[in-house]
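Here subunit A shows up in two complexes: once beside subunit B, once beside subunit C.
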Partner chain A sequence: MIPEPYASIINAIIYLLLAPVAGGLIAGIDRKVTARMQGRVGPPLLQPFYDVGKFFEKENLVVTTTQNFYALSYLVFMAVAGALFFSGGDMLLVIFAFTLSHIFLVLGAYAAFSPYSHIGAERELIQIIAYEPMIIITAVGMYMVTKSFYVGSIVQSTTPIILYLPGVFIGYLIVLTIKLRKSPFDLSTSHHAHQEIVKGVTTDFAGPNLGRIEIAHWYEYVFLLGVVYLFFAWNPLIAIAAIIIAYFLEILVDNTTSRVKWQMTLRSAWLVAGTLGVINLGVLYYLRMVVVP
Partner chain B sequence: MQIVQLLLFLILFPLISAIFLLFAGKSFDSSWIVKISALGIGVVSLYLLAAGFDKGLITYACSSGPVDLVMIIIELVIAVYLLYLGIRHRKYSAVILVLVQAALILWFEATYGHKIELSFNLFFDQLSIIMALIIGIIGSLICVYSLGYMETYHQHHPEIADRRRMFFFLLFVFLSAMFGLVFSNNLVWILFFWEITTFCSFVLIGYSQTEEATNNAFLALSMNLLGGVAFAAALIYIATMDPSGRLLELNTLIYSGYVFAIIPAVLICFAGLTKAAQLPFSSWLTGAMVAPTPVSALLHSSTMVKAGVYIILRFAPVLMGTTEGLMIALVGGITFLLTSCMAISQSNAKRVLAYSTIGNLGLIVACAGVGTYNLMWVAILLMIFHAVAKSLLFLCVGTVENRIGSRDIEDMGGLIERMPKLAVMMFIGMAGMFLAPFGMIISKWAAIEAFTAAPFGLVFIVILAFGGSASLFFWCKWMGKILSVMRHQENVETGIRPEKWAVLYILTGLVVIVALIFPLISSALIEPFVMQIYGETTRLAQANITIMLLMLGLLIIMPFSMLFTRKAPRIAPPYMGGMSTEGGMKYTGSMGVSHDLVLSNYYLKNYFGEERLFMAGTLVCWGLILIAFIMIAGVIL
Partner chain C sequence: MTYLAKSPWIIHYDASSCNGCDIEVLAALTPVYDVERFGIVNTGNPKHADVFLVTGSVNDKNREILKNTYDQMADPKVVVAIGICAASGGIFRECYNVMGGIDKVIPVDVFVPGCAARPEAIIDGVVKALGILEAKRQAMNDRPAAAAKPAGDSV
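Let's turn to the complex of A and B:
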């Protein structure tokens, strides 16, 4: 079932307008909770907005002018991916648009031709190939339960998807750690101040470009948590509770683990996708196709 | 004009041009023959599209008596020539295979051949049009490109004997054979054209006559002959079971029922696997990269290897729902997964392209082996997109190699400064291979959706998820390499002949145009074809097509954003950790020595190394092929 066109366009517009606000707030809460876990007071809740505001006041300083294009494309396609998701579009198309936007971030880092950006770009690519299979498996899992790739149909399903896809959900949470750039998988760039490769993939972005990348992250947060929502979509209250718990867990993991090497990241993400994800889908497939054809 | 005349024209015209090229003296500028023939072939292929897209399957009576005799004589002449070369170079495995195949064909002709008179030797449907367009447009463009490439090639390699006349002769013979292969309904004819392409590939791989080239040429020959032997065995089986020979017609054979058709289907699909360089036969295609680059573009990515998947596609209705079909599909799937991983560990651009070609052919084989109607649709789409984007990439690599003298990806750093136009073309070609909303990703997406409905589809979805990610890695790091903006680079994009530019521009345009008009291609050609075979068909949802087109439009206008900045940005050196000296591109060592900054990509050899993955893939795929053979042995007994 394809949702009604007007409703989906309005949803997309609401996402485009409000997601940065929501994403910025999430980032603010994240910093606050992290600070409390570390026994600090932490910055004000709205600090992320002050930071980004300041980025846009700064001079546009670049290593190469093409960086402007890459940073802008990253933001635009991230927004497109999220808007497609919230307008009820095809999950796989959303994933491809999402990947496309990350490719632009990586190319931006490569373009700078500097050691830290370069290592950041390579690591970012490893992160992408680490999480992508699991995300596709998540989409296919939702299809197997709801018989639709359309987010609009999945969200209206009365089936408690989580009961059918517990393995996929855990797998998704693990790759979510990569996506949220949380320790132990914050290889390519980190939200913490220091990293062995400076700021990795964003090292050579400054001023307004860095601001755009930050806003793209906010869009990304809302989209990624939207996927968590889908697992619980039959009951919105439980879904919101699940999002809060999931995010809290991510912060907890972030603060209690130390960064691992890329080998470990790739191995664990593929192992999780290959075991939890595939076994979960295999069981579901067996039940659907063989037991109850 | 009758369509059959067009078909005969497309088969015979390249042959006539080839003969002209062979006998054109040195005094005569043969490049005009190449250009005019290429133009003729391209125009007639397009005319065929206009004249035939709304026709269904048409078969043509075409007397075969004298033609059959000519074919046998040519086959024997080639066999004798191969025997001579095989003995001279002491390649006894090839010699044995040539002998076995010649014996099979002679036996077939002596026992059955002269008795069988097929009524419909040629046929034509929408899949033939698609193949003809790939061969006729991309193939002839590559021929034109070769003119400039080969000239530079011989300037750079004075030690290699100039055998250009033979080179162009073979290119056009090859085009003729490809047209023959896709228009033939008679399996005996298909085998004949099949062997001609094998022969052309063999000679062209060995073009430089170095030891490596000769060895690789014989490797390719042996593996392709192994497939040819299986093909010949299939013919003998059909003729033995059905002496009337009606079932030697492809369009009758595929509807003759599982019990009869599955045995020739598996044998011929085995031949298809060797031609399409699937594991365990992938080594011939990576070895074939020693050939001049236009040969790789024409034979080893956009046309000849497509003949392998073409024949499997023709048998897809027979394979659908069978265990044998599943085994063939798994060979394709595993090949896709493993070669996509192996490509990560390669820094030689042509090897990366080769592995990616093998992988994408594997994906097509996987779709065809499972063989449901929506997978058939996906497979044809994949074939079109791949042919266009991959030929562009090969020709770009060839041009870069002509200019900078290296085909190593590590030497392509900063190409966007040194050869800006070519770098943008390569970028578009690569985007065509793995980025939304271009061709290949549309097909992969459709493949995932189609596999959800297929038996054992889950296995292939998992393969696609992992293999697709791996291919993203090697494409993107290569893209990053050419787009990195190194300082103080000189523009070396000069001295490239205008016809080379023309070909590159046309192919780049085609990559974008095909992505824009694929819904049209689908509704005019692919859907009617799938409909005619399966009685049902599929397409992408209209809403999704609209979104894809919007994304493509956005992608095209995004670069213009750079023109509309309010204030020119200030350029600063990159961050070097505070340790840099002069211009930010050098480090000062502990003894005061200054080191240049060198950046190289990750190849992750411990994880994606060639040898280990190749060994594993060879074992598994031989196992799968063996199971398929045991199954059909069971059917015979």
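Let's turn to the complex of A and C:
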């Protein structure tokens, strides 16, 4: 048995090395399944890797050189957030690093002068405002069940967290659509290359910078699906099945809905956080405090 | 084959086409032809694109836009002129406002003939352009200083 501090460092290193591979494969499967849903053959499974490989073969075209810094910071903080998560760190710190990485993306979009880029940055901020309450409620809910904010303790808990937090889980799946940049909430940019309003936050990123943003998305995929795992952590097999079903549902929703306005995104994200999330936590509080003191 | 040829992203600009060639370009993206099989994606952003598809002839109004879009693309990049209008001005070449083919404004790598060009011919033209794209990338690697020069000055 590896001693605890080493185990968490090893987990973090494994995440840093393998998450881009896993994230790229998830993106490839996503594009393939999407194509089949649309009656097309679709690109090869490894297409996301070809795309990113190509980005690094292109010229690094920037409007201002600060864009390089912001794109790199986005990638670094996303990797740090995921590494903290997989090393069993504090959920609240993970969420903080996760949000910070998106702030760098917004700043990068604001650094360029294109109006499309600015629209993307504004929409990205709105999306952060929309999903943040639900993400915090998820962390608080896990704390109420397991009495710990540490991912290491949550994952070792034998309690089936999903049975205590069904509302929080559904709410999390809904904000996951925002986070995976899928329809109907793909406002600021889309995980598909083709999108209107040119391409939102990524409008003024070209070549290697776009590649860094894409790799950050892969890190993000693995981290977000890792949170889905936590809900089912008492049984790894069920957890993996839940991740596959959750991701398939996201692809299905992506292909069957049209994009909504930002007002609707904000309203629906806050509505699920305010109803499903808060009521779930309220019931949990009542059961713990009143029924079983 | 490098990654560039496996993932050519396209931007399509209608200079002053009658829409015949544009419909054929978009037809290539439909499930019938499904060019995403080859990693080809239709982007709306010149900064993300590698292949510039232009339909229609160039005139005094849109020459600026055509040049600007071309200049915003990151190197290496290729231009495919689709249809006879983009090649020479076609039946519009005698019009007082028409300058002629798009090679009057930006350097063209592949001409796809036809009125309208067929989707198969367009896909063939893009595949030909990929060879040129790869050659340009190698040239860019050999001469990094030359690649840094402002785009479009070879006109």
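Definition applied: the second predicted complex is superposed on the first by the 288 of 293 C-alpha atoms of A that agree within 3 Å, B and C clash if a C-alpha of one lies under 4 Å from a C-alpha of the other, contacts with A are read in each partner's own complex, and residues count from 1 in each chain.
One rule holds in what follows: a residue touches a chain if its C-beta (ideal position, glycine included) is under 8 Å from a C-beta of that chain, and two chains touch if they have at least 3 such contacts.
Source: prediction; values computed, not measured.
**Student:** Clash or fit: what happens to subunit B and subunit C when subunit A is overlaid?
**Tutor:** Fit: subunit B and subunit C sit side by side once superposed on subunit A.
**Student:** With the two complexes superposed on chain A, say which partner A:Leu107 touches: subunit B (first), subunit C (second), both, or neither.
**Tutor:** So A:Leu107 only meets subunit B here.
**Student:** Once both structures sit on chain A, report the angle subunit B, subunit A, subunit C from C-alpha centres, rounded to the nearest 10 degrees.
**Tutor:** Value: 110 degrees, nearest 10.
**Student:** Does the superposition put A:Thr159 against subunit B (first), subunit C (second), both, or neither?
**Tutor:** neither
**Student:** Identify the partner contact of A:Ile137: answer first if only subunit B is touched, second if only subunit C is, both if each is, neither if none is.
**Tutor:** Touch partner of A:Ile137: subunit B, not subunit C.
**Student:** Please determine whether it is subunit B or subunit C that touches the greater number of subunit A residues.
**Tutor:** Greater contact footprint in residues on subunit A: B.
**Student:** After lining up the shared chain so the two structures overlap, which partner does A:Thr203 touch, if you call subunit B first and subunit C second: first, second, both or neither?
**Tutor:** Both partners, subunit B and subunit C.
**Student:** Once chain A of both complexes is superposed, is A:Glu59 in touch with subunit B (first), subunit C (second), both, or neither?
**Tutor:** A:Glu59 contacts both subunit B and subunit C.
**Student:** Based on the superposed arrangement, let me know which partner A:Ile126 touches: subunit B (first), subunit C (second), both, or neither?
**Tutor:** first
**Student:** Which partner does A:Asn68 reach: the first (subunit B), the second (subunit C), both, or neither?
**Tutor:** first
**Student:** Taking the superposed arrangement, what is the smallest distance in Å from a C-alpha atom of subunit B to one of subunit C?
**Tutor:** Comparing every C-alpha of subunit B with every C-alpha of subunit C, the smallest gap is 5 Å.
**Student:** Show me the subunit A residues, by the header's touch rule, that subunit B contacts in one structure and subunit C contacts in the other.
**Tutor:** Overlap of subunit B and subunit C footprints on subunit A: residues 59-61, 198, 203-204, 206.
**Student:** Give every residue of subunit A touching subunit C within the complex, in rising order.
**Tutor:** Per the stated touch rule, the residues are 31, 35, 38-44, 47, 50-54, 56-61, 193-196, 198-199, 202-207, 210.
**Student:** For a test of understanding, state which residues of subunit B touch subunit A in their complex under the given definition.
**Tutor:** Going by the criterion above, the answer is residues 413-414, 416, 435-437, 441, 445, 448-449, 452, 455, 458, 461-462, 464-466, 468-470, 472-473, 476-477, 479-481, 483-487, 541, 543-544, 547-548, 551, 554, 558-559, 561-562, 565, 567, 569-577, 584, 597, 599, 601-602, 607.
**Student:** Can you tell me which positions in subunit C touch subunit A when the two form their complex?
**Tutor:** So the residues of subunit C in touch with subunit A come to 2-4, 6-7, 9, 31, 34, 36-39, 41-45, 47-48, 50, 72, 74-76, 137, 140, 147-148.
**Student:** Which subunit A residues qualify as touching subunit B in the complex?
**Tutor:** That would be residues 2, 59-66, 68-69, 72-73, 76-77, 80, 84, 89-90, 92-93, 96-97, 99-100, 103, 106-107, 109-118, 121-122, 125-126, 128-129, 132-133, 136-137, 140, 143-144, 149, 198, 203-204, 206, 263, 266, 270, 273-274, 278, 281-282, 285, 289 of subunit A.
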